[in-house]
Amino acid sequence: MTKIIDIEKAVSLIKSGDTLMVGGFGLVGCPLSLLEKMEEADLKHLTVISNNLGEPGKGLGKLVLQKKVKKGIGSYFTSNPDVVNAYQQNELEIDLMPQGTLAESIRAGGAGIGGFYVKTGAGTKMSEGKEVREIKGETYLFQEALQADVALIKAKKADRYGNLVYLKSARNFNPVMATAASLVIAEVDEIVEPDDLSPEEIVTPHLYVDYLVVRGGDGNES
Amino acid sequence: MTKIIDIEKAVSLIKSGDTLMVGGFGLVGCPLSLLEKMEEADLKHLTVISNNLGEPGKGLGKLVLQKKVKKGIGSYFTSNPDVVNAYQQNELEIDLMPQGTLAESIRAGGAGIGGFYVKTGAGTKMSEGKEVREIKGETYLFQEALQADVALIKAKKADRYGNLVYLKSARNFNPVMATAASLVIAEVDEIVEPDDLSPEEIVTPHLYVDYLVVRGGDGNES
Amino acid sequence: MNHKQRIASRVARELKDGDIVNAGIGIPTLVPDFIPDGVEVFLHSENGILGVGPFPEEGNIDENIINAGKKPVTVKEGASYFDSASSFGMIRGGHIDVAILGALEIDETGRIANWAVPGKPVLGVGGAMDLLEGAKKIFITITHTTKDGKPKIVKENHYPVTSERKADLIITDLAVFKVTSKGLVLTEIFAHSSLQEVEQKTEGAFTIDPSLKQTN
Amino acid sequence: MNHKQRIASRVARELKDGDIVNAGIGIPTLVPDFIPDGVEVFLHSENGILGVGPFPEEGNIDENIINAGKKPVTVKEGASYFDSASSFGMIRGGHIDVAILGALEIDETGRIANWAVPGKPVLGVGGAMDLLEGAKKIFITITHTTKDGKPKIVKENHYPVTSERKADLIITDLAVFKVTSKGLVLTEIFAHSSLQEVEQKTEGAFTIDPSLKQTN
């Protein structure tokens, strides 16, 4: 039983119409080799859950330009003008959430929490259409959990079981996305021996990870 | 600015009537030196949130025998006959929760989540008096977040900033309790230099920790 | 093999290579000893371990590695530790393939009772409810009758149910039942028992699988 | 000092030893340069760092250490990394002492708008709303007027508010206002400005602190 597959095989597991979670904050901690291989794949109508939608021509930005993405669910898409443009051309649907609510709804999706209440956004335009509840005298908004068909995440190291550790601030959304999709593919910089990871330092235990791909030696930095 | 104080000083920060969170699963990961010092303190009417209430005469079990505990909120008290006895004598109130709901409600209390929905317990006696909600066709129960005045937790190592790492399965409830109390006191086996902890391996960042005490060299194992 | 070992041995044959398994206290803790060669399963313990290994030799106990029954255990290569909220996130979130649990009773629809006894103070619930809601499959291991000979597979539970969610498989010291949407189906009888004995000692209704097998 | 540095320098004097501080993009990123000797604060970045250090020298950039503005930063002794859900748990859970944020506008009750402009598509919200709900204190740093001279402190926000929760302190290039339950109170005027200028360039109502000070 090995979880290590090549990048082409990994991308072939993604289907048109799928909902994907894609790790990263900007391009840091983003599974760029997987996304690059997706450029070549015949995929459309994807819903993408990700904090950002890449940068112009980079990462998810390229897939947006290729019109593979039908809808983006995330927190900050302003930094990619191509996304703004696609939205204005009605080529892209957008569902915007406060960053903390986004992260929490993904965690909830992975942890069997159906939904939860946060104060963030109460009384603002973000609360339009949302259920409101008073808890201990304060106003909270209801937020349902998010789940995906596939999560594409990026880690620093994996052992062959699929245990993951992350590098510095490239951790960001990856550990929660690892928990919230039916199929989880982790792009890693290196595969190490199990003994190289202490049981205490593992951030994502292997039960969350279905497949591992090693980042392509194509000069891309991640 | 140092967070390191002696155990007596730490115990003096606890007041009668306080709600305490106490880490540990059984006695493993339980802040035994702090609890032992509490035996000598003039404290009463405590509400204790903890998975168990110690063992006979050990840990929280001793404080139950001393009638310092008014109420226990937790998941599994059966293993301590003194707790069963105190409950039957009407000396102790009990609020019982599924273990996962307990852990999650503590996490919620620390993370600004007012409440959340879980399936656990739906349709059982545990759901009596609980609000029910259908989410995506399944039945969930509402659970409010838990918070405390003081959390007493146990870690393996701390640096002087208060960053914590835990040992093996002694981690259990400690990291979530570290987030959910107004005052957090961590009992640790040793204080190490900041360089001895890598930024990636820190489980509880120092912003959660108010005070550190070093486990007493009294032969107690933790 | 005594009857507990027989039950554990039969459950072990249901496990698939790569399964993530949570094994409760009692009979389930014996299961790992019987896992067939070539099948690697990963044991999850809800107090925060993935990759539980065998019980330690005397004198080799690490008091900081315990299972959910608070017994000292070991960990295997690839193991990890995590906090209680994360551990139950795994359970509720559907990341555990199989939970092997004991029970006080099971009704004829497959609903189990294993946490409370009427008339006694209920001071423990632990992780059983979470496992019953969250694990992908539930295997129940029980002796067929109580110590004083009463059937544990009953028409209606006398004890409060642990979940509305039904078990998938029931393995006793006499027989194996599949739980289906139409009720319990007897699929196997242990060699030392008989259909007559199973019928006599089972209160809840069940049907007999056309390909009923004798098992060891 | 230019006016941005002046603002940053003034905010820095509000910070207390041991404070956990989240500093947003723009002027707030300058604040760490002005923290007084003897005061140690810990900078939180919502993408998952506690203990952000100075910007790196050219040629010394680690692309895996960035702040919430996606700029390369460094980390200091005692720093830690964590995931986004944990990071916003810190924010919403009240574990950040001070958030220093920019704003498009502030109304005379102290409610700020900094995330959306009417008529333009709103494609970014980021972490501002979380910080406004969760941080114990909110310090707002703004230029007193827009580039074309319009007051940013207004009677009523033209832009949608970021939160019903009010700021605690407003620091502009001209003056400092405390936000109280009775509205804005002018407490300090920078030496290069005057009460007349502040009154002229402020649309929202404010009262003047009896011990109004001149500041540098």
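In this document, chain identifiers A, B, C and D correspond to the written order of the chains, with residue numbering beginning at 1 in each.
Basically, a residue touches a chain if its C-beta (ideal position, glycine included) is under 8 Å from a C-beta of that chain, and two chains touch if they have at least 3 such contacts.
Nothing here was measured: the structure is a model prediction, and the numbers come from that model.
Chains making contact with chain A as well as with chain D: B. Using CA-based centroids throughout, the chain positioned farthest away from chain C is D.
Averaging Cα coordinates per chain places chain B and chain D 35 Å apart. Mean C-alpha position of chain A lies 33 Å from that of chain B. Between the CA-based centres of chain C and chain D the separation comes to 56 Å, rounded to the whole angstrom.
Shown for chain C are the residues that touch two or more other chains, namely 75, 81-82, 85, 88-89, 91-92, 133-134. Residue positions 104, 107, 111-113, 118-120, 166-168, 171, 199-200, 203 of chain B each touch two or more of the other chains. The list of touching chain pairs reads A-B, A-C, A-D, B-C, B-D. Touching chain A in their complex are the following residues of chain D: 45-49, 62-66, 70, 75, 81-85, 87-89, 91-92, 116, 121-130, 133-134, 160-164.
By the touch criterion stated above, chain B contacts chain C in their complex at residues 25-26, 28-29, 51, 75-79, 83-84, 87-88, 94, 96-104, 106-107, 118-126, 139, 166-176, 203, 221. Interface residues of chain B, counted against chain A in their complex, comprise 104, 108, 111-120, 133, 135-136, 138, 140, 144, 165-168, 171, 199-201, 203.
Taken in their complex, chain D has these residues touching chain B: 17-18, 20, 40, 42, 44, 50-51, 75, 77-82, 85, 88-96, 133-134.
Across the complex, chain B meets chain D through its residues 1, 107, 109-113, 159-161, 163, 179-180, 194-195, 199-200, 202, 205-208.
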